[in-house]
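We call the chains A, B and C, going by the order they appear; numbering starts again at 1 in every chain.
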Amino acid sequence: MAACIVCPKRPLLALPFLLPSCEPVALELRRNQSSYRRTKQRLRVKPDASFGASNQSRDHIIYNPPPTAPSVYQTPTKFLPPDDARRALRTDASSGSENLDSFAPIYKSSPEKTYHLSPSDIEEIRKLRLTDPMSWSRWKLAKRFGCSPMFIAMVCEAAPEKKEMQKQVLEAIQSRWGAKRRMAREDRQLRRETWGRDE
Amino acid sequence: MPVQGVKAVTTARNGVGAFILQCKRLDFHYCDWAGSSRGMVAFLKHKLPAIAKENPQIEIRVSPRPHRHPVIKGQYINGREKAICVRNLEPEQIVNKVSLLKEASGEKLKRIKKPVSSINESVRGIWSPFHGEYKGI
Amino acid sequence: MKRLQLLRWSSSALSARARAGVRLQQNIARGARYQTTVSPAAQSESGQLADEQSFPPQFSSNPQQSKYALPSPPVEAARESAKLAALHARLYLPSRLPLETLARSLVDTSADPNPNFNNESLATLGHDLLTYYTSEHLLCTYPRLPLTVIFAAMYAYVGPKTLTAMAKEWGVETAAAPGGEVDPGLLQFKRLLPGTELNAEGATMRPNAHQKSWRKSITSRIVYDNEFGEQPQTQAPVDAQGAQGVSFERANATFVRALMGSIYLHAGRPAAKRFFEQHFLSRHLNISELFNFSQPARDLSRLCARENFEPPVAKIISETGRKSRHPVFIVGIFSGKDKLGEAAGASLLEARSRAAVAALKGWYLYSPLNVRVPSSTEEEGAAPWKPVHVDLGEVIV
């Protein structure tokens, strides 16, 4: 209705999405929903069970943990030294890890370490990567030796000419970026740095 | 280096630990001749020594300002100044004005809507929709 | 109107001129100050050599005029300053601390190079006290803090920026230029010349100090650098009159330190400790905001390996809108069955990284119950000292 008043020059039929809301039935429906009595009725929440009258006759502790992210000043039980008195006070219920198995890990593969490579293998990796860096990339070496590309990077370094070439490739790619993309990349980097500061 | 320190400065909480009175100086201006300063002159003669003794943390200056109405000016730690004209006031009324200047913080007056404002973290933390049990309605 | 407090004088630790017993030294020192032909620097070098007959007799006959010849206000002026008495009362300083010493702590080295009348010696004592009390508080309250964070926390509690802010919040005003005629209740120092390099690094004991690009390890920062882990700053260049200027920040920080030292000298250790707790420790600092991790997940796995915990595993506790523009993931880091930390993030990587940060902070910010500091055993009838929790140290990767 308000839209009709604001732009009376437009024909009503040109704005078909306004039509259903002008129907009396829809108006009536909305009015019913926002009626004062119904709103109050919806907000009338039953109190939590822990606050109600319990069958225990004695006084008891109401445990109602706050719906908040845990504070960093509360040391996890595992990090408490063995002689700390708080270790005995913490129960399993307060740690909140009862349904640990239902949580999905964020990585598909399990980070099981096999430690199967011998020093001679590592020598081999280094030699391959240094002599023929074009054909033996980190991923190819990882596939051949059954380890992760991360491990290859930890073990050896690329040849200087390969590094130089990669740098030129990267520069060539970055030279084609416009202002928007470049700023977006820089912002992403800045946002990443805030992770460590917890901002 | 695995972890680095971020440089910061502690924030003052006046009254937690020590309390610093924010009014640091009171200037009294009067006129010997004019009638509007009659109460002020009586105040300076009889009331001011006791007030000065009670509040040693305030520097007090008295100076004549001929042919002008009497004025009390308060200087505050935050650099602001508050002035109250006390023409034709009785000494008792001037005492009230002095205590008003003494107890002021020096900030501009503004309406405070929240009963409590604090820089401490709340005990139960900030509510998050992802924590706590789901309570059905 | 002045409100002078009737102070109980403690004659033991007053400055040299105010001491009643040493008249001769007093006259000698005054004589040296009245020699206007001698530059202040040369005066401090020649020390007490000036003999009593050398100063012109008209100065003693006309004390009003002689004020202008002094580099800083005379000791007698402290009793007549309303500002000084107000500052004394505003800070609730102990009545055993006389106004003369408070006036002396307001005179910087740049204003009066004579060590008997400036606050340098008091500031040295006060600086040592401040850093001692702060470091013992930090080390006993948070025994696991990494050293870089301890440096940052020390800087936050008693660094020059904080001390300057405190002097401002105490209502200390500065004199435009130092001199014998100014009010002794004003902070007196010679300002820096415009265009002076402020952050020039000073001399250090560090070997190969000229190699700017070399890595400075944490251990070398403990040994060679100051208590904030920084290289100490250099003295400002000497100006045409032969005196050095100091920055506003440095003069204010020196005053606050000197005040701490003079409270310790006149009112004793308990009063100094109380002053520290009321004015320094009562200020608000959130230590958890001083951390900056570069690779938190790696550090956490190293920590768990060092402490013989199960390796940390990141798991999704809850999530919403995975395919939307603004997904939220709550990721917890678990070691065995225990949750070490959890955090929310817009991507799985971010949430995992933030959760690792939360877990590491949970480790580093451990605080024992019933913390006592070593200086608390100095009180009368204190319980015997029990050793505090000592940690292995930070994670080294």
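What we mean here is this: a residue touches a chain if its C-beta (ideal position, glycine included) is under 8 Å from a C-beta of that chain, and two chains touch if they have at least 3 such contacts.
All values derive from a computational prediction rather than experimental measurement.
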item: Per-chain Cα centre nearest the global Cα centre, belonging to chain; value: C
item: Chain-chain pair with the highest tally of contacting C-beta pairs; value: B-C
item: Maximum centroid distance from chain C, chain identifier (CA atoms); value: A
item: Chain B-chain C separation of Cα centroids, rounded to whole Å; value: 28
item: Chain centre separation in whole Å, for chain B relative to chain A (CA means); value: 48
item: CA centroid of chain A to CA centroid of chain C, Å; value: 42
item: In chain B, residues with contacts to at least two other chains; value: 6, 121, 128, 130-131
item: Two or more partner chains touched - positions in chain A; value: 69-70, 197
item: Residues of chain C engaged with two or more neighbouring chains; value: 289, 291-294, 317, 344
item: For the chain A and chain B complex, residues of the former touching the latter; value: 42, 45, 48, 65-71, 197
item: Residues of chain B that touch chain A when the two form their complex; value: 6, 121, 124-133, 135, 137
item: Residues of chain A touching chain C in the complex; value: 69-70, 72-81, 84-86, 95-97, 100, 103-107, 111, 195-198
item: Footprint of chain A on chain C - complex, ascending; value: 288-289, 291-294, 296, 309, 311, 313-317, 331-332, 334-345, 348, 350, 352-354, 357-359, 361-363, 365-369, 389
item: Chain B - residues contacting chain C, complex; value: 1-14, 16-18, 20-21, 24-25, 48-49, 52-53, 55-62, 77, 119-121, 128, 130-131
